[in-house]
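Chain nomenclature is as follows: A, B and C, assigned in order of appearance, with residue numbering initiated at 1 for each chain independently.
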Amino acid sequence: MKNYFQIPGEISESTGLPIWKKVDGVDLAYVGYGLVIVTLVVVSYILGSFHLLTRDPQDIDLGLMMAPPGTAGHLFGTDFMGRDMLSRLIVGIQAYFLPGLLAIFIALFFGTILGVLAGYRGGKFDTGITYFTNLVDSFPRLVLILLVIAAFKPDIYYIMLVVGLTNVPVVTSLIKGKIQFLKQKNFIEADVALGVPTRTIILKHILWHNCRSLLIIQATLGMAEAILMETSLSYLGFGVQEPTPSWGNMVQSGANYFMQGKFWPSTAPALAILFTILGFHLLGDGLNNILEDKRNT
Amino acid sequence: MTAAPTLKIEDLRTYFYSRSKQAFIRSVDGVSLEIAQGETLGVVGESGSGKSITALSVLGLISAGPGVISGKIGFKSDRIQKNLLQDLDDFVKLTTKDGKIMAVSKDVVGWERNTDRVMNKLRGKEIAMIFQNPKSSLNPFTPVGKQITEAIKLHTSIKTEQQAKERALTWLDRVKIDSPRLRFDNYPYGLSGGMCQRAMIAMALACEPSLLIADELTTGLDATIQSKIVDLLVELKSQLGITTMLISHDISIISRLSDSVAVMYGGTVFEYGPTRDLLSTGFASKHPYTSGLLASIPSEQSIREKGYLQAIEGDVLDTINIPEGCRFYGRCNQVTEKIREKCARHEPDLREIGSGHKVRCWLYFD
Amino acid sequence: MKPSAIRPIALVLSRELIITVLLLLGVSFVVFIILFASPGDPFSMLLEGQLSTAEVRTGVREAMGMPRSWTMQYLSWLAGMLTGNFGTSIRTGLPVLPEVLHVGLNTLILTTGSLIITLLIAVPIALYSAVRGTDKISWPLTMFSYVISALPIFWLGYIVIYFFTHKLGLFPLAFGFSSGGQKYRWLYQFLPIFVLGVGNGTISEVIRFLRQEMGRVMAEDYIRTARAKGASVWKHSFKEGLLIPVTEIVASKIPFILGGAVIVEQVFNWPGMGRMAWQAAQDRDYPVIMGIAILAAVFVRMGSLFQSVVYVIVNPRASKE
């Protein structure tokens, strides 16, 4: 029989443990990777905005078509017209970065308002907002966007407006859920009994203290989705047009070459999409596990 | 010569390793108990004393995860005899550093598979267990009757639904459920707590197990229902003579139903003996904790005399940071100067001081 | 099922049906608003398209008076739709509804097949993780599901096409049903379904949700009782831990999968409503795109309704609410 007996003695204080001991290593890895990606995206965006690139993304060099990565002067090789892949990828971020922020802002802003209304006031607000939520959820996002494109024009900002609006229900239900949780724990009742003004209850106690991690996580997932939408649409031909690069249209224009066995022009942007979306997903999930799930106590 | 006991627990230890605290939570810390055939053993203790975990350890229901078990549990019915904890050690690996256990890695799959292999022949068939919160302990998606017939078909020689149903109905009748035929098709949400508990009892006893473990049978039920369930059990006990391990924090229930009592605190047994000796007033040698418990039972008389509710001072034991010496030291109000040193430094062992009466207290040793 | 259980179930279902109808009305209104707000008054064009060309030619339209106010326009269009008249395509001049239904069926096949594939992958992984917790295999599996979910589905399509056209000699443009009786005919139909099933981006969420639900159910008291009596834990946890969560997550992911279908239909030239929608968006063929949007919403709500049905049948308490 093994002896599990341990003489009582010093036991490390749980409160003093540094975060890497308290939290699952996996989640930290997720968050770490995600932050790396976010940094790369932001830096690339800035580089792209100020044209601080080593090479001109539109510079055609027919003598050096589809060069593999590592070729002299082209860190990521070139595409089917000899244009530098790396700078095209960097500029491709322009297509989704700001619009994505718009989508995130809309989703969080309106989602919070509706969530607070539904959760705090409840009653008819709740019913109406639930109806609205189910209504928005009835549309496949891409189909709705195609409808908007047909009715208006394929403007990425219109599209991101739609993306943002279709994400409002998710944020709404999360915030509403949080408020219901707090109500159940009588926190809100206690606040009201103490005479705390409503504005403070909502802004400071509910939103800032209890919802901020939730909102950050939704922001990461929102950006992931914005990237997905933008690249899908430009792949379908509705976004940024050639020769301006967008990761989606880069994959599309490289398609023919792919079928001829020349994979790189399509694969490079596809991998960019993969690793970036992965980064935002992992960041969101990692943060969710660390901040919200409370499974580490 | 006395027959071998149905259940014999020897030095059972069930610990849970806490990674954040880097120590074991010692829920059951050296428990030894015996139940003879036909006997009802009552296990009393406060919440956190480890009594439920003891029962779960017997059935191998300690959920996977950082739980480790050592000790020996011997079970004997006329059909089976075995040590319920055999081979479990093989699945646990300790990482030590300077003699202190730093990490516990457990082959969860192997552990569970082993437990299931040993226990599945016994669960429900030889050893049956019923729990508190009967409403949530029954499957809400299946009619109550079907849950009983499922047990019957699994563990008895009855294999057809029709025959199983008849047996189930007989038992529902025996546990005094009104309109058994109607209740058979009800879902748990349609039954009251008391009726659910009766159904659970029927489900457990319909397979005629050799040992019944009842964990907080009446907690959570209304007071009037509680006493009715206890009445039922008294009657069933005299009719069937089934070996029972009854766990509760309610001393009055224990005293009505048990032949022997074990008093648990902080994961160990403090006192053990026949009920009539232990729980009746006026019997001299009792562990200070037991006396404290008995004294704190509110009764008309005691309130009239004292004017306040008696309680035991201090807080319940922290099962991680278990002190040297007696676990009750610090809350005990019967420490004398003569034994203070011993109480503070050395934990007394469980020693017999009378016929079948064992105590873990320096007061009673010379 | 007991006869006494049928009436409450019917009541709950009628309530769900009414909600579905209300939601579909809302859908039609949203679609209307978008078109109405668009520059160039396409809506009148739409209403015109609902009339037969003969009426237009003989000037009946002027005689009848085109409805002016937006409410009248909406109601007239809605009335047209309810009688099956979705207008005529600007591009082809053919009535919209039959066309859309025809391609809708193709998309339905694509979507249903892909859902089966997604579940075939996700369910075993989720159940394994729920039971075994974190162990050596679960981390690579989780990572795999994340990567698969972030993969651009169009690129995955290319890889699949390349592999099959070069290794097996399939014709790259012949996907969809219309391909004649070649040797690998079933592959032409299966591959798009496979790609959509694997690459639709929902796998990691489905796995996470199912694992969470099954994990939660495993910790319930009644599972402990089942274990204590030696009964099969799977049998007892199935309804709440698997059946209901699967219908729930499938219903909620249908919109997402329909979106993925738009892309897959593009890559594989599958004659479905996604491809038709893409074409309509390019041509600004309003009647067609509106018809597709509405049909898509109908699919989504049918999925939701199905989930409610299953829930009410399985859960004895649901009919009492």
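One rule holds for everything that comes next: a residue touches a chain if its C-beta (ideal position, glycine included) is under 8 Å from a C-beta of that chain, and two chains touch if they have at least 3 such contacts.
Remember, predicted model here, so these are calculated numbers, not experimental data.
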**Message:** Just to be sure I understand the contacts, which chains border both subunit B and subunit A?
**Reply:** C
**Message:** So using the touch definition from the top, which pair is joined by more C-beta contacts, A-C or B-C?
**Reply:** A-C
**Request:** Please work out the Cα centroid separation of subunit B and subunit C, and write it as a whole number of Å.
**Result:** 53
**Asked** In whole angstrom, how far does the Cα centroid of subunit A sit from the Cα centroid of subunit C?
**Response** 23
**Request:** Enumerate the contact residues on subunit A facing subunit C in the complex.
**Result:** 26, 131, 134-135, 137-144, 146-152, 154, 224, 228, 231-232, 235-238, 251-252, 255, 258-259, 261, 266-267, 270, 273-275, 277-278, 281-282, 285
**Request:** Spell out the part of subunit B that touches subunit C in their complex, as residue ranges.
**Result:** 59, 61, 63-65, 108-109, 120, 122-125, 128-129, 131, 133, 136-142, 150-151, 154-155, 185, 187, 189, 200, 203-204
**Item:** List of subunit C residues in touch with subunit B within their complex
**Value:** 2, 132-133, 135, 219-222, 224-231, 236, 239-240, 314-317, 320
**Request:** Spell out the part of subunit C that touches subunit A in their complex, as residue ranges.
**Result:** 19, 22-24, 26-27, 30-31, 34-35, 37-39, 42, 139, 146-147, 149-152, 154-155, 158, 161-162, 165-166, 172, 201, 204, 208, 252, 254-260, 262-263, 266, 274, 277-278, 280-282, 284-286, 289-290, 292-293, 296-297, 300-301, 304
